[in-house]
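Just below sit the structures, each encoded as structure tokens.
In the two assemblies presented below, chain A is common to both, partnered first by chain B and then by chain C.
After this line comes the complex of A and B, so read on.
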């Protein structure tokens, strides 16, 4: 049971949503946008989160968009992970979404919720970070479309009152060779100790990571070291790991040493897989 | 735009019946089903989206009702364990010993029902992927797996 009250709004348009946010914010209700609600409900129950109003974005057609249009794949923020997996417009994206949480949670958990939530993994963003995707954000000042590399730095960079509407991915990235390695401690239904998602584009690796450090990231410096093909794979991996933008974390699931070892192994596997070399 | 401020009168479509009730917008579907409608089949376990004892169907898809708001599912078809009486999956759990204490059983039944409805030919891998959403601390899962296979056969032989 959630031990406090809040108001519930389900707008039909983007404008209605942003105006409602502005209005509720002026009334000091600390509104939050609501997608699947899986994290908001559990955190509210534990009183880790408090709000006076939630704005459910699931009735907004742009947030439920799920189609190919003009050479772009469009994924609305209110799509459930199951919808993304089952329609499978972008197999690499589906593969990364498939082990997040469990099946019945994925029937409720939305793309927007996974990316914008407080949990630090945000795994659904990984494949979107390594292709030239663009994020559509809406707020009281209007709608803007931002390249993912500018819109996401360990978290989605939203201005006050903004929400994530959809993400657009160029259709041609579907044919890029990809690699994904996710490792958990006990069972597959668990948070990742490491999760690497990579594509090879124009002979170069583009990689994003979750679970390794406190927050997910993509790093140009790490990619520069991995792409120095004149060096042996082990040296490329070792140099890349030394340049991670955040320290390798330790927690109840794994020590930093174990994470580092898994990371080395997985990155070597990635090179072997995408460059077609044997380990 | 739909808005519910304090106590809200809503209508839920549960097991084919339209039910009018008054809820707080912050009430979870699980609590409303149990405490306002007396449908106590779905169980509060972790209330954290982990154990699956509260699983219900919304438009045929299994979800954990502890991580849904009642106001969120107005206008949608909700099916609880009470709506699955006289189904093959229920008989199979009894015949194959798919439960011991029974607390998790409603969640398993609802999820397995949805699985076999959507994928009548589900293989072991798919069954495991779906049923990983539910936890049982008595059976070791063997009886549950046998029950699902048995129900699958019963459905094919209808």
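After this line comes the complex of A and C, so read on.
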């Protein structure tokens, strides 16, 4: 049970949503945008989160868009992970989404919620970070389209009142060789203690990480080390790990030593897998 | 077996459809006008003095009827030892302990007002482990245990953090070890955790204007609740009625006294109005009691031929902040301390220790899953040191008829065939192909075995009763004090009665909602004794009803009652079966064609009380506390990645000697469920504590139990050595399947990596660390 009252809005258009936000914010209701609610409901039940109003974006058609158009794959922020997995426009994306939460939760959990929520994993962003995708963001000042590398730095960089509408992925990335390794503490339905998503594009690795550090990231420096093909794989891996932009974290799921060991193993597997070298 | 009518058939359980379709109603499904809702404010500290509690804002909040704290209820309660205040009083002793309660018109109002209570604490030194609790200058969790009332079987040590010590002294331990050629010593441990029953605990209390008390509760033990409420609050016991509809999983966690005393007090505080208290999942995990933790030191010796000669055992149970059932778990572990092995010299000290952890109650296996982990690992370590195959070693030392238990009781013909269980388990797991096999450079498959034995830990006068009444169509209503907690005993009892009457078991309607005013007296639905004891009472009740049916029919048929037989819905002459009357004509009195009626309804009364049990000697443990033993062997096969310690459990098997099978499929599922629970216990479970002993995995996001997709292949076989005094030769099998699993799994994994894994849970990281030998 959520023991506090809050208002619920379900706008039909982007503009209505942003105006609603502005209005509720002016009334000091600390509004939040609402997708599937899996995080908001559970956090509100525990009273870790409180709000005076939620704005449900599921009725906005742009947020439910799920199609290929003009050489782009468009994924609306209000799509559930199950919808993304089952339609499977982008198999790499589906693969990364499938181990997030459990099936019942994925039937509700939205792309936007996974990326913009408070939980630090945001795994659905990983495959989108390593291809040239663009995010569409809408706010009181209008709609803007931003390359993912600019829009995401450990979190989606939203201005006040802005929400994530959709993401556009060039269709040709679907054919890129990819690699994903997600490891959990013990049982598969759990948060990742490491999650690596990588593609090989023009014979170079592009990699994004979650679970390893406090927040998900992609790092040019790490990729530069991994892509130094003149060195043996183990050295490329250990150099890359030494250059992670955030420290490897330690929590009740795993020690940093174990995370590092899994990272080494997984990155070596990635090189073997995508470069066709047998270990 | 073929002579049976209903026994030995796998009839579908009576509650299957309601449960599978989600239509079964549980206590928290009941809402009615006037019902008040309670919510609890719980401690954020593991050990702290309560400096002040400010309830002034909460009491003014909308819908709030009352705000209660420990000051309002200055009593201590308990099951065996009265050491626990209903709400923390003076200080808190564990993280999650209820400190204040709010009663409001709605659940929302009660929960919202919790935030308005301010509590000021002053932190006290924390006792974070059993070994720490036993140190010379350890802080005392209970300053004065000598003031607590307790039953004589519990022996606390004032001035220490010891709530109970049970001693076993069998043979002479010094000369025992002198005979040993090989001796090992090892230590084992696992943390406390929880049962994670699907239904969180709920209780509703009401006090009528003339003082009758009705408690509706998710309890496995309605009669214990009734008697403890009467005892602790000086209420004439007949004025208390405890109702227990089917419960969504117990596993021991709903035995004893749970929320009932508090919710009774809450109702009393608002003039007896109905008050409902529902645990949140978090409170069910942490505030209410869970499973016990343990540290164990084992010294085990055998001859060079591989014969066990001596065992010196120290079991240190982490009972947490309050005694509850834990003081009896530690006692049960002493009584069965060696596991099912023939050991002539045994010395065991089993201690229940107070710590600042959530407190412990009964858990499936009740002391046995705990001791078996330590013993089964030790057996492997000893056999390996000796250089003997661990399965052969078990076969050689398995306890059989004529051997003595640690309490010096001689095992009788009912003991079952443990050596055959071992052989069958070995065959199922294909022990012959080898217990360690290389799969690839970095992967191995390995097998491990664990034996089990278990006897009920219960009072010597434990009893059960069954009442049979009849409907106009001669179908039978069966009333018992056993509670349906998912185990399916009702179906088995219906089969037992159906067997006596040679009718279909669906003609036997078991009353599902137990209430202590109408159900015959019963101890508790615990200790895997329901089938055995209520089964015997069901036979007794059937015999009683049959003799009444014969009496009425004998008048109608003008023959001696002894010439009659009751079967297939008729009462008829044994030697001339065509002459008889339908049972429905005599079940509720016979009516002659002219309207005259005779005899009246049949009411079958059946009872059973445990036979010849005694307590144990406080110095040596000698005595006969165990009603029956169920024995078995289990084995697990794993595949382990030697680089990162991750592993899959491929297969888990069990062969158990259960006596006559009443319902083979139900029995099979019961054991499969137990294997899964044992694996989950050993692989995943247990509380995680931070350095302030706060539980950091107090929800199901973080406290992971095994999910459906993660179960291995299960294989179960039964031996059927009859239990001479069991109903149709059956014995208990409800809990037993969990007992050998943690030992078997840790043995398999230890074998795989070639290093001992003596700490649960067996997470990949813990295995990786052992492989790497890093701290």
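Just so it is clear, the second predicted complex is superposed on the first by the 279 of 279 C-alpha atoms of A that agree within 3 Å, B and C clash if a C-alpha of one lies under 4 Å from a C-alpha of the other, contacts with A are read in each partner's own complex, and residues count from 1 in each chain.
Rule of thumb we're sticking to: a contact is a pair of C-beta atoms (placed from the backbone, for glycine too) under 8 Å apart; a residue touches a chain by one contact, two chains touch by 3 or more.
Everything quoted here is computed from the prediction, not taken from an experiment.
Student: Counting residues of chain A in contact, which comes out ahead: chain B or chain C?
Tutor: B
Student: So, A:47: does it touch chain B (first), chain C (second), both, or neither?
Tutor: Second partner only, chain C.
Student: Does the superposition put A:56 against chain B (first), chain C (second), both, or neither?
Tutor: Once the two structures are laid over each other on A, A:56 reaches chain B alone.
Student: If you stack the two complexes on chain A, which partner ends up touching A:20: first (chain B), second (chain C), both, or neither?
Tutor: first
Student: With both complexes superposed on chain A, which partner does A:4 reach: first (chain B), second (chain C), both or neither?
Tutor: A:4 sits against chain B and chain C alike.
Student: Using the touch definition from the top, say if A:254 reaches chain B (first), chain C (second), both or neither.
Tutor: Once the two structures are laid over each other on A, A:254 reaches chain C alone.
Student: On the A-aligned overlay, A:187 touches which partner chain: chain B = first, chain C = second, or both, or neither?
Tutor: Both partners.
Student: Where on chain A do the contacts from chain B and from chain C line up?
Tutor: The answer is residues 1, 4, 42, 102, 187-189 of chain A.
Student: Using the touch rule from the top, collect the residues of chain A that touch chain C in their complex.
Tutor: 1, 3-4, 42, 46-47, 102, 183, 185-190, 252, 254-255, 257-258, 261-262, 265
Student: Please give the residue numbers of chain A that touch chain B in the complex, ascending.
Tutor: Listed in rising order, the residues are 1-2, 4-12, 16, 20, 36-38, 41-42, 44-45, 54, 56, 58-59, 82, 101-105, 107-108, 187-189.
Student: Okay, in this complex, where on chain B does chain A touch?
Tutor: 1-6, 8, 24-28, 31, 47-49, 52, 55, 61-64, 66-69, 71-72, 111, 129-130, 132-134
Student: Quick one: which bits of chain C touch chain A in the complex? Just the residue numbers, please.
Tutor: These residues of chain C touch chain A: 107-108, 111-112, 114-115, 282, 643-644, 646, 683-684, 688, 696-697, 699, 701-702, 704, 706-707, 709-710, 761, 763-765, 768-769, 774.
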